[in-house]
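Each of the next two complexes has chain A plus one more chain, namely chain B in the first and chain C in the second.
Let's look at the complex of A and B:
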């Protein structure tokens, strides 16, 4: 655990330095012009920080959804929270309120969450399977609504499409600080429940009779996960696969306790996302950018496929 | 240790009723009855998992007035069925039984020591690094029992702890439970009447949701047992030991 932790921290530092110096304009740290210094401090650094934090937020939210739903394939997408956040954001674009995108995304995400939660809880208890189904319905509905809005408004189509693909072009210090607070707060809250999260992996009777307040813990984890998702979507659009891939890779490295999975997923998510964003900025020549969602989805998708085929049996145990 | 008066618990169309029952420390009590007679519901009520009406005094205090964490330190429950969907090893599964003593963030070195001792006591020390879900049914059952014993609570409620366990380990578990019960109250659901009658001294019989009989071994008789289980049961006395066998449901008519 310690070793993995230090390696990831080292990798993260390395990745931050590399991603800050590389890009459309490569910067030599020791011979900087004023313009280059400005690019470094006010463009590159916030962008790298934001991508790292979004990676952490998505990885942690995915992990929490997996605990709440007892399902290794759960994350912000399967609960529909991503899609409903996106729907909120698209409404903001359509209304010409681009600067309010994060707020609308948050409103959409929380609304979606409450709907899924209301549908899937029976007498205050979340039913994992119903929640998954409600999430699928919510996702489908949100996508349909987004398509309909695209259809309605010709002039906003390109900005909607671009925003939906996800990216960190609009990074700012404000966003970085806001997301830092959200991620830190979530981490501190989750840390108090490491042992309880582990016991959630048992059946409910075993968990309850062990002294874990199952429903309260589920609700708390669920809301934190939704909050992390809404902020990520609001600041960077929909970026797929991070919440699924990162916790899975950590689990496959034989870290299975919450006390290991949570910090390693947060670090791993940051490394993974900074790397993807770096690729998105540098793969095409002459300063052109690929939307980062395309890269995470293709790298992530291929890797996930590999895991499913090669290590199916080790992924998870189901009775 | 446990005092019950006029306990009623409703769940759907099923009603559990226990008029009066008193259990003290040092008792190892077998809970018997047919399927659906209320044995598991009874244990759920005692462990606080199901709401009930009536008076329930635990360790001299009103059950409802005990803080949740206190209840779980006093009572541990082995559910009839358990599942786990994370690849935890045996040692960690047993360790999680100590949860009510933690701050929610980590286990203490005392928790670790207790776990190691419990693993040895239940003869599963050699399995400690194996994954729980890769064990056989009987081994899993012993691990889950170890998890409960690891709590070291004064009341232990065990729902079929012997199911799926081989004969040798059944006897080891019974011996261990007898030893543990010297300063605890242990209730266990058993289906093997013959075994129960040989090994235990006090019996609670449930019929259709009601605690019908609360008997000591010397008060057992063929009539009452046959009534409880709705089959014709015969006793055979052999020196000091008692054997029970079933003649089946239709023999009576023949």
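Let's look at the complex of A and C:
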């Protein structure tokens, strides 16, 4: 575990340095002009930090959703939180309140969370399967609403479509600090429940007889996961596959305990996202960018397919 | 006597030709690209327009047929148009026009010269050559108001803030900037370019223009955006309808932009 942790920390440092040095504009750290210094301080560094934090937040939220729903394919998409956050953000775009996108995304995400939670609660107990189904329904409904809003506003379609594909152009120090607080708090809260999360992987009766407050833990984990997703969507749009692929890759490296999965997923998510953002802003010439969601889905999808084919038996450890 | 008969015959043939050719001109037009509507109005064929998109209010009492990307096919069919003026083949594929058995005129100019060319073509198509020539002359005259500048101000034109997209070399904006005496620094051969803010800063334009309209609703003032803290350009706000639509308005936009450039150069 320690070896993997140190390796990931080293990889993260390398990735941050690489992503800080590379970009649309070449920067010589030792002979910087005023413009280059401004680009580095106000544009590139906040962007690298934000992409890393969004990667961590999405990876951690995906992992928590998988624990809550006892389903290896659960993530912010299947739970509907991504789509409901996006719906909130699209409303902000249509109303011309672009500066309030994070707030609307957060409101949308929390509304989605409450709906899914209410539907899936029976006498105060959360039913994982119902939660998953409610999430899929919410996701479909939110996607349909987004499509309807796109239809209503032809001129803003391009803005909505590109925003939904994800990106970190709008990064700022304020956003970095806000997300850092959310990720750190979530990590500290999750840290207290490592054992409970591990036991939650068994059936509820076993977990309850082991002294785990199953419902409370599920609620807490679900709330944190939704909060992390809502912040990520609000700051960077919908970025797929991170919450699914990062925890799975960590598991395939034979780390299955929560005490290993949580910190390694946070680090792995940051490395993965910084790398993807670096590609999104350097693949094309003349400062053109690709929406980062396209890259995460392409790389993530292909890599996941490779893993599925190569190591399909190990992936179904939940059985 | 013979010569009188010959004269009457020639006159009759001419009249027949005149009425016949007028009858051939399109009588039921649907406009699916709002920027073309003012041109049709100037050509004096407002009474022939039977359908427009829902955001087009150029003609009064004309039926709306939906959006420019997704017109209602039943409404289109019911209007029995003999000509559809569409934006591009991507927005209105030829197969649809075949299905409707209607002629299509694609109005998608990329430059001011293109606009004049399209006006001429529309004039010919609608048998309004004279009106078209007059309009072209008037628009060319508008360009005479452009005053020579001492230098060539460099420009970046923001199409939308979130995500950050700017006008590329295939945009009509490129032509407007050039005719106004400036230079669009974004040379990518696209209409709109998704661009890195650091690239914009490194281009160091003299003027940063941001449009406000349906594509960029209530944008944050560039100087207030965290990533533009070091942008040293003069920031100008313009109306999207006046600048980004490839219609008659583009010529006034050139004059207005030239005036702005004059102040910047000062």
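Operating definition for what follows: the second predicted complex is superposed on the first by the 317 of 319 C-alpha atoms of A that agree within 3 Å, B and C clash if a C-alpha of one lies under 4 Å from a C-alpha of the other, contacts with A are read in each partner's own complex, and residues count from 1 in each chain.
Assume a contact is a pair of C-beta atoms (placed from the backbone, for glycine too) under 8 Å apart; a residue touches a chain by one contact, two chains touch by 3 or more.
Quantities reported herein were computed from a predicted structural model and do not represent experimental measurements.
**Q** In the superposed arrangement, which partner chain does A:206 touch: chain B (first), chain C (second), both, or neither?
**A** Only chain B is touched by A:206; chain C is not.
**Q** Under the stated touch criterion, which partner chain does A:99 make contact with: chain B (first), chain C (second), both, or neither?
**A** Only chain C is touched by A:99; chain B is not.
**Q** Which partner, chain B or chain C, is in contact with more residues of chain A?
**A** Partner touching more chain A residues in the overlay: C.
**Q** Output the chain A positions appearing in both contact lists, the one against chain B and the one against chain C.
**A** After superposing on chain A, no chain A residue contacts both chain B and chain C.
**Q** Mind pulling up the chain B residues that touch chain A in the complex?
**A** It comes out as residues 44, 47, 49, 68-69, 71-72, 76-77, 79, 81-88, 92, 96-97, 99-100, 102, 104-107, 131, 133.
**Q** Taking the complex as given, what residues does chain A use to touch chain B?
**A** Per the stated touch rule, the residues are 70, 191-196, 198-199, 201-203, 205-206, 208-213, 251, 256-257, 259, 314, 316-319.
**Q** Which positions of chain C touch chain A when the two form their complex?
**A** 55, 67-70, 160-165, 186-188, 192-204, 213-220, 225-227, 229-230
**Q** For the complex, give me every residue of chain A touching chain C.
**A** Contacts found on chain A: 23-25, 34-35, 38-39, 42-44, 46, 93-99, 101, 151, 153-159, 162-163, 167, 169-174, 281, 286-291.
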